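So that we are looking at the same thing, I have put the structure below in structure tokens.
Chain lettering (A, B, C, D and E) follows the sequence in which the chains are written, and residue indices restart at 1 in each chain.
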């Protein structure tokens, strides 16, 4: 469904992505793993249209979307939950989630009332329903992440880009959340690409496939257990000369 | 050995969002402390609070027995506290020389500027070659060196580094680390190091704190921590 | 905030009170210090605030050239009337033609400026719009459009088209009602915006434009939409006002003070709030009006420190502060 | 008129002279914006104060108007300090609009105070020094000298910004306040000094303008310059003092030289069109190079 | 740190003290504060003037004169904003007129009584929105009996429709635009010469002096007033056979006239006529001097009639010729009235001059005089009408043909256009304003050709 073909992205002299290719099928769950600065976020930005790649193409459902603006991609069904939550501090939680519904793949087909209903439904799902009339600025960081998820789900995506959705969450919640995402994704046939830096356990339980990025290049790809057991991982993560 | 820095029960955050929940950190004079932890654990916030860039909501920060909790940051610099911020925060349009001179902005530092410059050039000979270049035109590694050099120009007694290896190729990161070692050998200085590269941090630090969600979850001397390597790995990889 | 029925009712009641007073005054004469023109002046400021709020309050962009819309509205209406007079047509044609011209001119300006300048942000956008405003003014003077610097004077044509009585009616009660209508129209459009996709898009843009785009908001389109709507309303307000002043001079019509007044009105009341312009318009208008009598020549000296104080103490504006600190007010103040 | 084109060089020189002062009058605005990210909407009021200082000291004490530059500058410094403490300090982290309104309010207060103190009369004075001749047309020295002094002040500012410790600190704060903080720069003091210096330069330019034009000074005269200063600041790149000076020169030349050109083209009101041209230029520049000529 | 902040604070205080000191030492005009209590006239409800002036002025029957205990005249003035100078000057005139009517004349003779007058005014900030609402406030809330105008055409244009709506007589003393009376208003009465006839007499003067000086250059601010002034000059030039060799405008807000003056120097005209207000008039004179542009006669609009002009320019103002509605030295007295065979009313020019000087410590200007004149004429019209009915007073104005200290008053009955009054031409001679045209009231001889700028700088005075 999503194909990234030989994408390269530079910022000035810095090469953030080097000739990266990947494919995500309908309903598949892919984890993209890598330490800080490995180019994960840039990859997401290329997929959902914040950046245009310097080289390479991005295809979605067989259509070349490389030149489509970000908002058009959202209408096609690519949703994203941000790593550092981008709350709209002065509007309510419910409205915030409704924005997801209004401008996602429902775009132009539903009105505010339906959007608010969808928002309520998704807020119930992530357990934020009780806070739906709070201003988003008053939520805690974990709550904001839940809201990001609810907003992304409300847009009825075909492809959901989860950017470090579980980082900074208590372990018990992480499990719950990943199970939840998995269930919703299975029910609705959503393909998921999730960026993971640290919380590997979730990845193991969650992903069908893991892709490892390091310094802008794809260096490993495979099943989760297989990738995690690879000795390269420790070196990438904890640094070289790990010699106690 | 007296205490260079003593952080007691510090709570702080941004706007209404609390990030640190009662953090205690102690830095003995002449030692190097590493603060580890996954993204979002509050490491940078801790440094910014110690530096006085953001205000501590509760708790206290003492430096050599002096309460500096509510002092503006430039006063703290005068007292000998400084930091190499995350992302370096150099002045891209100023030359390397001007960046260094700014480091020696306080009176105490200015008086010894010649001496310090010599020291810095000894540590980072490459900076001397690039003296009149604009900071923005340096490579990543050079920028990091300049950032450290600029911090040294303030004649710190306590130096805090926020992820000095970030975005650097491993080889360069280790060069930076070596330079840090050299600094500690040549200048009488105490260091707080916040680092992603656990291996690097563990190799250099005397004492280690592991931060998770704004709280210290593990601390100990380097040897103790190395023995509990698994805990760190768990924290990082989330097993 | 989501608008409830209570909110809308409260807003409409406030409008009804002012409009009701205006009609009452027209029928029975002034009530104490309250005159028809005072109410119209208040309505003018409310309409100005409400119309500008649709752009400034909802998107967070500062348009320093907003007065250009009012100016084009005045010119559109006035030149329409003059043309009808010259062509020997009945006056009503002139007004209809003037309205058409107003809407065409203001929407053209909004589309052109919006399409080009809305790519800029912050101070750059503000200054680009100042340039548009000043540029237009000197274009009118330089190329002698609409009588150039001589000024376009419509009282003569109006008197000849509608008679002395008709002109009096136009200059007072009819244009007053037009001003009220613009205020009401701006309020209704604001309510409609807030209750539809448009309002959600604008709020998302105001809070975080980049995030909004990723979430599927066509930011350019919605910004231009808000800009154009706000601009056309400003133009209509200008058109209504042109009967009142009956003569239009470029330095007056394009006077940046109106823009600054509009900004003050939005900020004083609370940007993005619907009751804000009503509160600030009433306050600002009556302060100006009464200080003119109490302290002739000193009203600005009284007014400016108040303004600075309000901004330093309560940057979220009066209504914003009310909603923030007295939660009970949230139920009926929007 | 063929003879008009032949004296085009005169117009250009004359434009450079005015432009030099325009540039100085804009530097304060752009400096404050660069360091504090605050647009001083009440800019013109400070120019007006500078003019009055020159006027009064000259008429009351027959002080050489060029010497009045110093008290004008000092008054500006003091006003800048006042502005910072009263209207800006608490709003540094507030939204842009708040500072727009408070600086506007402050400007209005100054204008109204000036009116209460000195009345709304237009005051003028005469001070002549003779003329240079260029292409046989006189170039009055009361216009040449202010321009030269403005240039001198700009050079002094350049030296201050690029050759002194404080100047480097100011530039550092412009680029990265937090980076400056960890170097031990008292950022708030830099803000404070920048506002004082910026307003000081503005009042000084007011004094020079008073000598240059010697036209009626009244409390609202500053409005004429506020918009011009905005235009010039954007042209040169908001936040770039040297850019502002160059922008000033460009606007000066356009104002002077485009009038005869429009006349030749047969425009009904060439003066108006020349102002239109200035503002159009801004739009074009903002679109092609939003950061201005020398902006980053 | 503490010491430094004290130093700074101290510095601020010292410098503010300097500023205040400067302000204190300046010879500022006496405080302009309302001398009359801002109270509305009282009266039994049935007798309120509101009953008299109904909004539908077609009713002609005036009820028997119900005389209030005072007659209130309302107006706004630009006491702040762009025209505050003129506004404040005018206010002084109004105060002088009230004083004369109440204390010297003894009050309005109406219904066999002597009724004092009172003024009620607001500051319109030179803004048209305020003009509109404040005039209505004067009419409906303050219930003033009559209205006089505000200063400058643009503001008058905004005020007139309000007066017209309520059927209130509106005595326009401060809007010189011809267009005001071309709009078809029924209640607007203009007391001073319209713009088109304002400056044209300069050309009459010059053709009487020097038949060879035929090349005229016009430089004018492109606002409505000066545009019409220049149209008047142009048409007079055609009649008298002058050649216009240069004719160019500049926009409002122009500071630097160099581009125009350079061209002007190339053209070498005999006569330079500028269309300006105060600030630009001053600036253009100064710049003419700087650029050394000489002519046989230089006429500047508006600015030179204000004494500040000479105070500002000093000797450079010598010989500059200007039009004025009125000057302190113009003795349009009872003799003039006798010559015309009409009645004289009000203070004689000398009386007015003396009284004004005593009240305000300065010479009256045309603005002061014009507003004073408007009030005095209004008093006369009320007396003629013997009624407070607006329509009656308006008709009285149509019939009036009298002379006041300001000159002759006679309007076109239909439009309210002033046809009796004429402007005078003055010239600065040796630091004094001298009236040099029309000849019958001239107080001195014209100095012609005027001194060159070089001669003036060398200290020569324009003494004929």
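Here is the rule we go by: contacts are C-beta pairs under 8 Å (C-beta built on N, C-alpha and C of every residue); 3 or more make two chains touch, one makes a residue touch a chain.
The model shown is predicted, which means the values in this text are computed figures rather than measured ones.
Common neighbours of chain C and chain D, listed by label, are E. Traced through touching neighbours, the fewest hops from chain B to chain C number 2. Put simply, the chain farthest from chain B by mean CA position is E. The distance from the centre of chain B to the centre of chain D, each centre being the mean of the chain's C-alpha atoms, comes to 43 Å.
Distance from the chain A centre to the chain D centre is 50 Å, each centre being the mean of its Cα atoms. Look at where the CA atoms of chain C average out and do the same for chain E: the two points lie 35 Å apart. In chain A, no residue reaches two or more other chains under the touch definition.
Residue positions of chain D touching 2 or more other chains, listed in rising order: 112, 115, 269-272, 275.
Shared contact sites, meaning residues of chain B that touch two or more other chains, are absent. Pairs of chains meeting the touch criterion are A-B, A-C, B-D, C-D, C-E, D-E.
Contact residues on chain D toward chain C in their complex (touch as defined above): 33, 37, 39, 41, 86-87, 90-91, 94-98, 100-102, 104-106, 108-109, 111-113, 115-116, 227, 230-231, 233-234, 238, 262, 267-276, 279-280, 282-283, 286-287, 290. Taken in their complex, chain C has these residues touching chain A: 1-2, 195-197, 200-201, 203-204, 206-208, 210-219, 272. The touching residues of chain E, when paired with chain C in their complex, are 32, 34, 38, 50, 76-77, 79-80, 84, 121-125, 128-130, 132-137, 140-141, 154, 157-158, 160-162, 164-165, 179, 182-186, 222-224, 227, 249, 251-253.
Remark: chain B residues 51, 53, 72-74, 77-78, 82-85, 88-94, 98, 101-103, 105-106, 109-110, 150-151, 153-154 touch chain D in the complex.
Within the complex formed with chain B, the chain D residues making contact are 165, 168-169, 171-172, 175-176, 178-188, 296.
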